[in-house]
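Shared between the two complexes below is chain A, which pairs with chain B and chain C, respectively.
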Partner chain A sequence: MLLPWEYGVRNLMRRPLRTTLTLSALATVVILVFVVVGFIRGLERSLAISGDEDVVLVYSVNSEENIENSSIAARTAALLSASLQGTWKRFGVTHLSPELYLGTRVRTGDDGGGLGLVRGVTRVAPLVRRDVRIVEGRWPQSGEVMVGKLASAKLGATDEALAIGQTVHFEGESWRVSGRFSAGGGAYESEIWCNLADFQTATQRQDLSLVALLLAPGAAASEVSLFCKQRTDLELRAISETAYYATLQQHYKPVRVLAWFVVVLVSAAGVFAGLNMMYGAVAGRIRELATLQAIGYRRRAILISLIQEGMLLAAAASLLAGAIALTTLNGVAVRFTMGAFTLRIDSVAILVGCGVGILLGVLGAMPPALKALRQSVAISLKAV
Partner chain B sequence: MALVELHNVSKQFRKGDETITPLDEVSLQIEEGEFVSLMGPSGTGKSTLLNLVSGIDAPDAGSIVVDGTEVTALSRGQLADWRAANLGYIFQTHNLIPVLSAYENVELPTLLLKLSSAQRRERVELALDAVGLSDRAGHYPRQLSGGQEQRVGIARAIVAHPKVVVADEPTGSLDTETSEQIQALLKRLNRELNMTMLMVTHDSDVAAIASRQLLLDRGKFLDATAQTEAGRHAS
Partner chain C sequence: MRMLQFMCLAAVGVLAGCSDQDVAQTTTSDATTDPATSYVVDSEPAGAIPVGEAREAVEDEQAVTLVGTIGGSAEPFVDGLAAFTIVDPKVPYCAEEEGCPTPWDYCCTQDQVKDNIATVKIVDDSGNPVASGARELLGVKELSTVVVDGKAERDEQGNLTVAATQVYVRPSE
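Our next item is the complex of A and B:
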């Protein structure tokens, strides 16, 4: 038979200051867990959804996986258009997007800014990048740019600095912001898009970084690969966009592993907070616990009651941390080398955060409870 | 057959290099409804004997049988169940649970019994009524006087209708007037409810309320037979 639930609940209120401090410590730990898991989930999601399986990227074979380092001839787009049968064509428009993609220093009008990702594109780009939606303003004309939803986060600038009508400066030119776009949470959202020809002029480059093409239904990426292998003079390679981002995911695997390690370390620190509280709570109740045994309560029942106390406090801390995480952390933009992504407090993050919280309660309560219950009842009854 | 039987019970403790023998082949029989007090100098094993009868400590040798159950043969879990059904324990320092009200403290042992909530309520109310604290049921221990706390402790000890009630210096922490009230209460409960009681005390006046008084010294009862006879004549 278990002890009444009220016993555990009221015991928490016995030392209000200690309970409040422990609640705060546990909530802090769980919030940290939410931050790290939200980081991992946000990064994974950003890379996972950045990629369309029907899109093939063609870029320089010498640039490894880094498209920023790629340089291919400007005529590549025309060659691909003329040579490949499997590219999607609609209303006479071949869905093939020549792009110049650079990491460059971008300065905002308020003298803020940082390293940004700029993509020079043509009007075909949104036909190939199908997740891209203009959410505000319009497509950029000459001397204008369109900024992604997370471009300000990537630059470390305010949203106001990249508002429509504002001016940004890069590659020695000034560019007026004409619109904002989203990309369903994908990597493009941290980019700045401008007219390809303007960007080539500004950077004094005639080449391209890549050509992205949308495959027609039934067409295979292998056709593009075969073309690249046959035309060795062009030094091209082809890879499906999903495979490209999957490769990047592998590059970020050590970061994810490290982040999970941080979750474990932070949780371990939380266990000590729980232990400290429960040792204090149990140490002052040695005689009381012995009395319960003398009355006829089994040690298991008392142990469960003490664990209930720890779990109740940890659950309250988890709830508090969850509420804070959902209201203040969810959606917060984080910069990383490839752009920016948002912390994602999704169901998995909630599950991990609250799971860790409850675990802290159980692990924190068990050692002091077991220690107290191992002592002789006869001796414990005389404890002060 | 006696309700409580101790046969050649011995208990030893190690204290550094020294071996202390508070009980040395002690035998004792307590009849049902009997009120036995146990006296003796400090450290002579009075509380040890009480703990052995209660099953919260185990003897090194000998056996203890209560109402036909050999307590010394039970496992720790079985002992807990046995205590819940057969034993009431009155502590010197009351040992009430501070976060529970008087009613909830008295109710604790009944939660271990197979009773309906109505039966439980009836028993708790009767126990509180028996100790004269019905009007303090909702009070927490910190809101009660020492004497009232001890009364709640006594109500908690009798609420499960135990076969035996053991009391370890039940008046030890009370003033004279309150002590006399508690003595009268214990005597009344023994008489009216025919409750078997074993009480440890160092106060001869308190011991005198029992129907039989035993004196324990250096691990042995002093002239236990004579005292037993004297106790029986007195009762």
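Our next item is the complex of A and C:
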């Protein structure tokens, strides 16, 4: 015969201070798990959705995997436009975007700022980068910039410092903010976009970092790759944008592995803290447990009741932590080497966080309960 | 409920992933065990010249037989097309005992590669590149020595491309 469900619930209410402390400790552990899993999920999502499978990037073969280090001849864009058949064209406009992209010190009006990612582009860029949407203001004219939604997070500045009409300074020039854009959570959201010719003048460079082109329906990236192989004098390489971000995913694999390791460590610490608390809680109830055995309840029934208490507490702590994570952590911008991304408390994060929480309840309750029940009823009844 | 849907999808994904992998492995296995296609010949074409010499002597549209080693960059093959770059066999690459993970990129002799590299594209009867990876089609890999027979394509910059119709793969030493 099992103990009534209400018995476990009432037991939790009987010691409100201990229950509250245990609940707080469990909720803290689960929030920590949410933070780490939210970090991993945010980073993965940012890289996963940054690529468009129809976009091919052409950049220097000598720059390894880093486009910021790439330098290609300015005529590359015209050469690609003239040589490739598979580039998407509409209304006489070839969807091919020459870009100069680099990380540089950006200073905001309030003397804040930091290392920012600046991309010099032409008006064709949004035709190729199809996720980009101007959410406020307008496209930058000469001497102006358009800032991504997460650019302020990347710079460590306030949103107000990058508001429309404000001025930012980089490469010895002052630039007025003319608009803000989003990119569906992609990597561009942490960038600052300006006019390509202006940026080339400011940086005293005539070259490009890359050319991004949009493939026409049915066209294959291999045509672009073949062109790059044939023009060995240009020292170019072509890679689909999705493949490029997949290589970045690989690049950040150690970070992800480390983060998952932190999840395991935090969970283990939580289990030990839970065990400690439950040992204390059960130790004070040895006589109560022996009494239950004396009036006829089997050890298994008492064990199940104790696990039920632990699980109830852990589930409540998980719900509390989940509510806090969803309202305060979800969407918080995090600065990272490649730009910025937002913490993402999604279904996977909820599953892992709540799973760890409930596991804490079960694993925390079982060992002390088994220890208490192992003693004989006669000795336990005399326990102080 | 959404969690349940997620778990079901994950399970289906795992199963689908496993079956896809099986298919891919089977295909690769079949292709590598049977590389003899209409483009691969059993005997070496006569009169093959090395890439460096060809870059100096061969003109556009000229029939040419070229010998070279597949390499020149970290990724000498073009994904999805039967095309790759070859380097003159006289250009040395890192020896195996040097521990270089990608000796075919000629990282230590890049200055010599510039004038001793050519692109090979295997073309069909209509002159279009064959839409199949060269590894599977020809059974070659990085640092394989090949003799290709085809027509030269030159440009004003001195780049050499061979639109090849026949390939002989020299047995590795």
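Rule of thumb we're sticking to: the second predicted complex is superposed on the first by the 384 of 384 C-alpha atoms of A that agree within 3 Å, B and C clash if a C-alpha of one lies under 4 Å from a C-alpha of the other, contacts with A are read in each partner's own complex, and residues count from 1 in each chain.
The rule is simple: a residue touches a chain if its C-beta (ideal position, glycine included) is under 8 Å from a C-beta of that chain, and two chains touch if they have at least 3 such contacts.
Everything numeric here is computed off the predicted structure, so don't read it as measured data.
Chemist: Put the two structures on top of each other at chain A: do chain B and chain C fit, or clash?
Modeler: Chain B and chain C fit side by side in the superposed model.
Chemist: Quick check on the superposed pair: does A:Val61 touch chain B, chain C, both, or neither? Answer first, second, both or neither.
Modeler: A:Val61 contacts chain C only, not chain B.
Chemist: So, A:Tyr297: does it touch chain B (first), chain C (second), both, or neither?
Modeler: first
Chemist: Which one hits more chain A residues, chain B or chain C?
Modeler: Greater contact footprint in residues on chain A: B.
Chemist: May I ask you to decide whether A:Glu288 touches chain B, chain C, both, or neither, giving the answer as first, second, both or neither?
Modeler: first
Chemist: Just chain B (first), just chain C (second), both, or neither: which does A:Ala82 touch?
Modeler: Neither partner.
Chemist: Take the Cα centre of chain A as the vertex and report the angle out to the centres of chain B and chain C, nearest 10 degrees.
Modeler: 120
Chemist: Which partner chains sit in contact with A:Ala220 here, chain B, chain C, both or neither? Use first/second/both/neither.
Modeler: second
Chemist: Check the residue A:Gln230 against both partner chains and state whether it touches chain B (first), chain C (second), both, or neither.
Modeler: In the superposition, A:Gln230 touches chain C alone.
Chemist: If you take every C-alpha pair with one atom in chain B and one in chain C, what is the shortest distance in Å after superposing?
Modeler: In this superposition, no C-alpha atom of chain B lies closer than 34 Å to one of chain C.
Chemist: Which of the residues in chain B come into contact with chain A in the complex?
Modeler: Touch residues, chain B against chain A: 47-48, 51, 54, 56-57, 76-77, 80-85, 87, 89, 91, 93, 95, 97-100, 104, 108-109, 111-112, 156, 160.
Chemist: Residue numbers of chain A touching chain C in their complex, please.
Modeler: Spelled out, the residues of chain A in touch with chain C are 61, 220-223, 225-226, 229-233, 237, 347-348, 350-351.
Chemist: With touch defined as at the start, can you tell me which chain A residues reach chain B in the complex?
Modeler: Where chain A meets chain B, its residues are 1, 3-4, 6-7, 10-11, 13-14, 287-288, 291-300, 376-378, 381.
Chemist: Touching residues of chain C toward chain A in the complex: what are they?
Modeler: Its residues touching chain A are 2-3, 6, 72-73, 75, 78-81, 83-85, 114, 117, 119, 121, 129, 131, 153, 155, 157-159, 161.
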